[in-house]
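Chain lettering (A, B, C and D) follows the sequence in which the chains are written, and residue indices restart at 1 in each chain.
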Amino acid sequence: MKETTVITIKDVKLKNPIMIEGLPGVGHVGKLVAEHMVEESGADKVVEIYSPHFPPQVLVMDEGTARLVRNEIYVDQKHNLLILVGDYQCATSEGHYELARVYLDIAKKYGVKRIYTLGGYGIGKLIDKPRVLGAVNKLELVDEMRKYGVEFKENEPGGGVVGASGLLLGMGALENIEAVCLMGETSGYLVDPKSAQAVLSVLSKTLNMSIDMSALEERAKEMEKIVAKLREMEKIQAGPISADTDLSYIG
Amino acid sequence: MKETTVITIKDVKLKNPIMIEGLPGVGHVGKLVAEHMVEESGADKVVEIYSPHFPPQVLVMDEGTARLVRNEIYVDQKHNLLILVGDYQCATSEGHYELARVYLDIAKKYGVKRIYTLGGYGIGKLIDKPRVLGAVNKLELVDEMRKYGVEFKENEPGGGVVGASGLLLGMGALENIEAVCLMGETSGYLVDPKSAQAVLSVLSKTLNMSIDMSALEERAKEMEKIVAKLREMEKIQAGPISADTDLSYIG
Amino acid sequence: MKETTVITIKDVKLKNPIMIEGLPGVGHVGKLVAEHMVEESGADKVVEIYSPHFPPQVLVMDEGTARLVRNEIYVDQKHNLLILVGDYQCATSEGHYELARVYLDIAKKYGVKRIYTLGGYGIGKLIDKPRVLGAVNKLELVDEMRKYGVEFKENEPGGGVVGASGLLLGMGALENIEAVCLMGETSGYLVDPKSAQAVLSVLSKTLNMSIDMSALEERAKEMEKIVAKLREMEKIQAGPISADTDLSYIG
Amino acid sequence: MKETTVITIKDVKLKNPIMIEGLPGVGHVGKLVAEHMVEESGADKVVEIYSPHFPPQVLVMDEGTARLVRNEIYVDQKHNLLILVGDYQCATSEGHYELARVYLDIAKKYGVKRIYTLGGYGIGKLIDKPRVLGAVNKLELVDEMRKYGVEFKENEPGGGVVGASGLLLGMGALENIEAVCLMGETSGYLVDPKSAQAVLSVLSKTLNMSIDMSALEERAKEMEKIVAKLREMEKIQAGPISADTDLSYIG
């Protein structure tokens, strides 16, 4: 395998579906949302993507079988969605650009007119009510997204958006595909299902669909317990701390 | 040399041989097993593989001659085996994928139907009786391998299998070549002939062949002495230690 | 996007224009000068350059829109100039050489006969009167540049010139395109509009054009205030310091 | 420049010349020898080699002119030699292999039947009488080289030979070009003209030519003075030291 390889698992016809990208990233926010949507909707896998830009590795499943790391695209025909999920992003610039090109080619094949890319926005401390920040590749989308509660702040995120979530906006613009990036605020140190809930809540409004969030809520509660224990341990060591304690040392 | 180069040293005809991969890795377990098999069987070298993805280096042999680093494939015609051994694996993702592609192409040329990849599974401490863990690329193989004493545990190895041993499973599956990875438990800090013995013992059962292990046993005894000295040195410095002392500081 | 992509935004005809390169680098001196020239002259953007050798990233603009990182070429038709500016340089050797090749191909397309590359020359301490050092790709240019106040010193800069500013000289020479690198002395630790003023002052003389520098002066004054505060903080901590205090700890 | 570029400066006809490689490396031993030979013989430059695998950089010469980093081949017609010298070796494995391929193609174009590659062998301490170690790509060459005082020791150098000096042996063997690597012992911490003298002394015997070494001797004496000062400084700090003091802290 010297080249990125796209394997079509199932042929489906779609009419201008919306693409959702939720690959691994800060707080695994995008991945949590997209995988939740795949599970709740019972979407079918239609594409597998293998690439020499992914780590040279197989993952071992519970029963002892191993499979090559990959990205996958699922189709939720009821809601007319293509959902991009996966094990890894690339490690190099060249790989990132090549894979984004592959994702866009698939989007174009299915006639995708809009892409939502999902991610986390690391702010370096725990927060109780994560906001959802937005970035768009077409000015008109700002007002539309504000209606759903997405916040746009000057110079946020300051460092831009890195990886597939960013490139699909930037490269999509060059091909006239509308794209919106939704970023849930998150500490950046822990997998964050609460931030994922916030993003999913906004996303379901924009898609005008209702999604059962109980599985994500369950995971958020478990994570709350872990965080509570961490705070407790810290209190014992260092006295009372406030809600926005910097947890950067947990990594 | 801009491309990986495969040089055929000797033409042989084989009917559905089994391929054994034992390239350098954790504890050099796979390499020890595969090189032992080459030596014991008097297998013939049939292929040399050179690649710009290997280190830019020659190795100097005892008599002063130097040769380019490479991987090699030997044929044991009596047991119908292709054995892949070598000096190095690649340093980059792209290199790993490209070389795995080369190994699989060679396997297909010879009609290989099954591959055993051999390696070590680092557990961070010395152990007396290393288990042999397995991963397979087809569910049916789990039960078959259990019969030979291979253990399959949920989430082990947790980090998946990296390098040629993993990729041959993952990429082999995409081409319908059965593959099994046998991993001997090992500290991860020392070359481990005892773990190699455990792997070879399982492998010889699956291949239904008997292999003289005395050379490996000899090396295992030598290593035992080195470990004993290390323990002694440690005892003097820090008092009695148990059998599972963490030796991670020996690197 | 697997390849560097050059998009022509606007067709213009020019007769042997001069090319100015001001990409990010030491003290952002070159970038400050080139962007100032674009703003003051109201130059038109004629080319956008995207590349997988740039970081895999979009930048988020004030209003919430994102755009792919890129380099750009502007045309100042009044002064017959092509001005190369951009967000980033490349991270790899191969990328640097490829992009320099792209810039030179564009230069040749427009019939460019001379290139000025602009940068900073880090000296590790603050200075009040930055000199402008030069390097050229044709011996005759040394005397010509000395007339405009450019200094040439033996073995300066000792480490050569790295990146686009260097490669355009070196690769330009192989194609008979005259090129001059103007380097403003700068600490190397801070964005340096004062050094940019020094470079711009020399450059405007060589181009025989007058450029309003008030915007750069404004930025230089702001930076002076920041530096003054840094010095003040330091004085409190460590007693009086001289004008050439090493500020290498400010990063 | 996306590809390595070979520019022929001058056409010369040679009959089975010998190629000498002296690129930068440990103690710059090979570079010192090869550049000395170019200067003493007044050899003509016949080839320039530019490559995106070299650093993206120009070097600034004394008079203020800059030139792209490169490797060069000189011809000493009197002694029937091709001499390969240069500014840098490559930073990546792929680059090393590609450039070695380029050097070998040039060697074959000129009908080269034997290559001498020159380098240093770092031993971690200063020595008064550096030996010259050898590695060859054909067993018969061991005895021939021993006659000239080259030493061959089991497992030396243990780590093999890295870079152009190694690859020309390894890749040359695959094309039936004889090659010998001569390595002068050196501390590994300092540029070492004394080690270069030892290598040149052996090389001139094998080539049956006499070379004026006074320039190298001069440089060796200067370096002796620097080393003497370093020893003096050390003595003051730490008492008397022996001739084989480890100087690894001088980087």
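Definition applied: a residue touches a chain if its C-beta (ideal position, glycine included) is under 8 Å from a C-beta of that chain, and two chains touch if they have at least 3 such contacts.
Worth saying up front: this structure is predicted, and the values here are computed from it rather than measured.
Steps from subunit A to subunit D, taking the shortest chain of touch contacts, total 2.
Taking each chain's centre as the mean of its C-alpha atoms, the one that lies farthest from the centre of subunit C is B. The rotation relating subunit A to subunit C, fitted on Cα atoms, amounts to 90°, rounded to the nearest 5.
Of all residue numbers seen at the subunit C-subunit D contact, under half occur in both copies; the interface is built from largely non-matching residues.
Here the spacing of subunit B and subunit D, counted between their Cα centres, is 37 Å.
Multi-chain contact residues of subunit D (touching two or more other chains): none found.
Chain contacts here close into one cycle, and each chain has exactly two touching partners.
Counting only pairs that meet the touch rule, the chains in contact are A-B, A-C, B-D, C-D. Note for the complex: subunit B touches subunit A at residues 90, 93-94, 96-98, 100-101, 134-139, 142, 152, 154-158, 160-163, 166-167, 169-171, 173-174, 181. Those residues of subunit B that touch subunit D in the complex are listed here as 1-2, 7, 50, 52-60, 62-69, 91.
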